[in-house]
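Look for subunit A in each of the two complexes below; its partner is subunit B in the first and subunit C in the second.
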Partner chain A sequence: MKPGTRLKSAACDTEVMVIRCAEGTIECGGAPMAEARPADAAPLAADFSAGTLMGKRYVDTEGRYELLCVKPGKGSLSVDGVALVVKDAKPLPASD
Partner chain B sequence: MRIEPDTLESKTTGPETGAPEGVRLAIPLARWADRQLEALARDHGLPRLDGATLLGERAANGGFRIGGRVSAGLGGSRLLPTRDGKWFALTLIRDIDRELLPALFGTTDLAVHDDAAIAATTLEHECAELLERGRALGLPVASADESPVSAPVEVIERGEHRARPRGHRLLVVDLSAIWAGPLAGHLLWQAGMEVVKVESRTRPDLIRRDDPSTFDLINQGKANLLVDFASHEEKARLVDLIRRADIVIESSRPRALRHLGIDADALVREVPGLVWLSVTGHGARGEAAGWTGIGNDCGVAGGLSRALARASGRMGYVGDAIADPLTGIVAARSALRALREGHAVRIGLAMSAIANMALAEETGFDPAALEIELRTWGLAVGRPFPPVSRRSLTAAVRPLGADTHRYLAEPAPC
Partner chain C sequence: MNIALLLEMAAEAAPDRVGLVCEGRRWTYGELLAAARGAFELIRQSDVQYVALLDESSEAAVIAVFGAALAGVPYCPLNYRLPDADLAALLARISPALVIGDEERITRIAGDHGHNLLSREEFSLKVQETVPAEDAREYDPGEGVAIQLFTSGTTAAPKAAILRHSNLLGYILGTVEFGSADEADAALVVVPPYHIAGISALLSSIYSLRKIVMLPAFSPEAWLALVAAERVSNAFVVPTMLSRIIEAMERLGGTLPPASSLSSLRAIAYGGGKMPIEVIRRALELFPSAGFTNAYGLTETSSTIALLGPDDHRAALASQDPKVRARLTSLGKPIPTVEIEIRGENGEVLGPGEPGEIYVRGEQVSGEYKEKSALDAQGWFPTRDAGYIDEHGYLFLSGRADDVIVRGGENMSPGEIEDVLLTHPAVADACACAIPSLEWGEAVGVAIVLREGHDAPEEPEIRDLVRGRLRSSRVPEKIVFLAELPYNEMGKLLRRKVKDVLAD
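After this line comes the complex of A and B, so read on.
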């Protein structure tokens, strides 16, 4: 999958932009994400229902995946069943 | 007018080349800024500050040269031609932003620290596509040919009126960072107010470290508080302080503020007379509220670079992060007007739209002088910024967190 691809959740309103990815399955709310939303919504898995926050970047512990939330929703993000975590924001340096 | 990238390849003009005889190099729009400062002195009792100084003192402090298609100073922003013959401004000042470049360009195959590679890749894309994706990614980007989507100054929320007793010393809580917001706070301090600068433990205002001379000028005389936004108690005390304030200045993206648990609109509805300034790149409402923008790219988005190219034949940045000081001045003036009316109000200030407004007003005021200034500026790439009369400090610069205890120690009375 190309970086810059937009993925939609099958279980909630979440949309992400792929910044970095490998071959695993990217999921939201416990269901695989895809470029198009399916006609029938997937159920929101209880273990993946903490929600996504607009503008936050989500990463795995090995640094292979990074997703930017461009639309928030009730599901939370995972890859092959392993939850992603929020990457901390950095302050802006002095000058541009 | 489309400027062919080829005609812009000559890197620098010699100091004299092309500049009209006898024309003094000046930051375009400095006269516009100066008229605002004249009004601030006349209407609100500020000392008479010089427009050229406020627009040029950061560049003077840093010994900047006019950078053309690369922003002055650290050169964090660059104007790049796109496949469709337009110009895309891309600001990259943190490594964390460069990490987004593969997503911006849709390729894993990019050396994200190689500026030549970034320029070559930009040339393969259409400007509108990069602008849309860059904004979705939260990158500070602009097009030389866009029009601001927000009003320069707009009322976002209103609240109750408050009558202030004579002699009440106005309190400003300044949560902003970098230049525009802190300059607004500085001008309010110049107007005699008590200004409290609040910095985040995890995201302090890095200008203190990276550009201390400018930091000191625009933050002198302010009390300084350090707040841990992860601590509910510290945040609750800060909100108590805000409830006692007359003016709040912040320059966060609206959702970042909400993530921190500070609801600007609710506070404006609840606290009579509270004037809340939300300084943003492109607007505090709608989709633009999620976009980022800083001084140089906001100047591009406000049409200044296109005006420069029209006047001089050269695409480039106008001034040094010019949307910042223009916005700081407009923000202070807006706050002082609102205070006079006395109603609580949240005012959104959009840097790109303010740059655009200043350009339009100056074009109406003295088009010939502006044209010459822009032409001279466009042809002066490589020359030092014009000298400005420098200010010296007249008050102490408080160390980081020096006043936290004094302002936040006591739980607020019920």
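After this line comes the complex of A and C, so read on.
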């Protein structure tokens, strides 16, 4: 796994671009994400079904992971079972 | 990661929404992505080292930047205003390239360079007809160079600045919220395609899903008409454009579209040169409902690194405190994703109010030229711009570090002398530069442009004006009067040329 890798959810339509990562397992809807979608969809875990939003960046509290949602879905993102949170970007006035 | 992701996401989220309006034609995000993929195939087949554009802004600029990115070939827009000899030298440095634009001129000046040529019309047509086969869609991962821009070369031969996918994405992902624009929003893009602000405007507009309205050739009348016709909400201008827009509004008055037709304009950003304070004051009055943003950035930093936002502009205009009022001439504060420091001659970090060279560090900062990187070991880029940061964190620019006048070991910025000269009622424009001095090494020379209908003041009067406001070392030794000062087409003052005149 390295920055720039595009990962797909096994449980929903979500796709993310990896911006920053470490050794842990990146999951969506409770199931590990991979570069290819499996033939049989994984079940969507109830605890990880809040959904992903297009264009939002998701991070862990320690700043080791950052994922950009490039396709939204019903699952929500986690690393080793710990939910990721939306990174709040401070809006800047358009400068160009 | 590839910058084409920005367009792919826009097309994924809103395939049928209009993303670009150019000369009457409207392009949806879906159409733009399909055309960029056609361009990828065209570029792949032509087996070139670069994709170059020698043309005014058009849909080709958008399609080429993303098509080249998908193909993993650097995109290199060229300045069509350069004289033939200078342009031929640049074309020789990027051979072989797929060159889009003025075929006749390229054939004439660089016919033997082995370039593939396409006119804008041919390119725009071909990219729509070409569809890459499913199994041929091996898009570049975006680990290399996305864009190569030749610097304007106001001080030396043009340098080939390179911007990597990571620099540009660092800038866009760090400063723009995806899809944040309203469907009615429209950004008027008038900066030429070879300027970093012209490129960053495309990328940030597409990622925010803000419709791009292109004006290929600037005139104040066309700019105002397009604002009204397309209900433009955002615009970026260089200082000369803003002063010409204001001048046209004042001159044409009633014959222009009524002020209410400009009411859609909510945000005007400016940069790319020093904005005269009277122009920005007048603009704030003429566009009372618009927020003004001063953006400071360089080619080597993928555009904006500091900005003075709308609230600061209005607060400065309304304030009685001279320090707050002075912020109208500042560049604002560093954006949250970069660090800025002021350093002295020996590289030491300087404190508030101390003038030195502006250094910047961050993901968006490339600081890299084709020949070598200008970054230091810790990733800091020396901008060669001189300035200082005040005690409230506002960044002020005093000019290029190379323009600093060193008189007997004392550093003086041309800007402070020019600001004083401009307070004289007869002075319309002024430029201070170093002139050779036997006694001091360098001394101050000034070139002055008189306001229409005013006689030239006596030299002692000018010297007394400077002496009264600044230290006596700043008093000009040589004063010349010129009909106008030399500016390039982006409104950058060519100090080198003024220096030559003063040295005579």
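Definition applied: the second predicted complex is superposed on the first by the 92 of 96 C-alpha atoms of A that agree within 3 Å, B and C clash if a C-alpha of one lies under 4 Å from a C-alpha of the other, contacts with A are read in each partner's own complex, and residues count from 1 in each chain.
Here is the rule we use: a residue touches a chain if its C-beta (ideal position, glycine included) is under 8 Å from a C-beta of that chain, and two chains touch if they have at least 3 such contacts.
Note that this is a predicted model, so its numbers are computed, not measured.
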Partner chain in contact with A:20 - subunit B first, subunit C second, else both or neither: first
Partner chain in contact with A:70 - subunit B first, subunit C second, else both or neither: both
Which superposed partner A:7 touches (first subunit B, second subunit C, both, neither): neither
Which of subunit B and subunit C A:55 touches, first, second, both or neither: both
Footprint overlap on subunit A, where subunit B in one structure and subunit C in the other make contact: 3-4, 17, 19, 54-55, 68, 70, 89-96
Contact set on subunit A toward subunit C in their complex: 3-4, 17, 19, 54-57, 68, 70-71, 89-96
Subunit B-touching residues of subunit A, taken from the complex the two chains share: 2-5, 17-20, 53-55, 66, 68, 70, 88-96
Residues of subunit C defined as touching subunit A within the complex: 1, 5, 8-9, 12-13, 141-143, 173-180, 187, 197, 200-201, 204, 207-208, 210, 234, 236, 267, 269, 271, 291, 293, 295, 297, 303-304, 307, 309-310, 335-336
Subunit B - residues contacting subunit A, complex: 62, 71, 73-74, 76-77, 91, 93-94, 96, 99-100, 102-108, 133, 136-138, 140, 177-178, 200, 202-207, 209-211, 253, 255-256, 259, 290, 294-297, 321
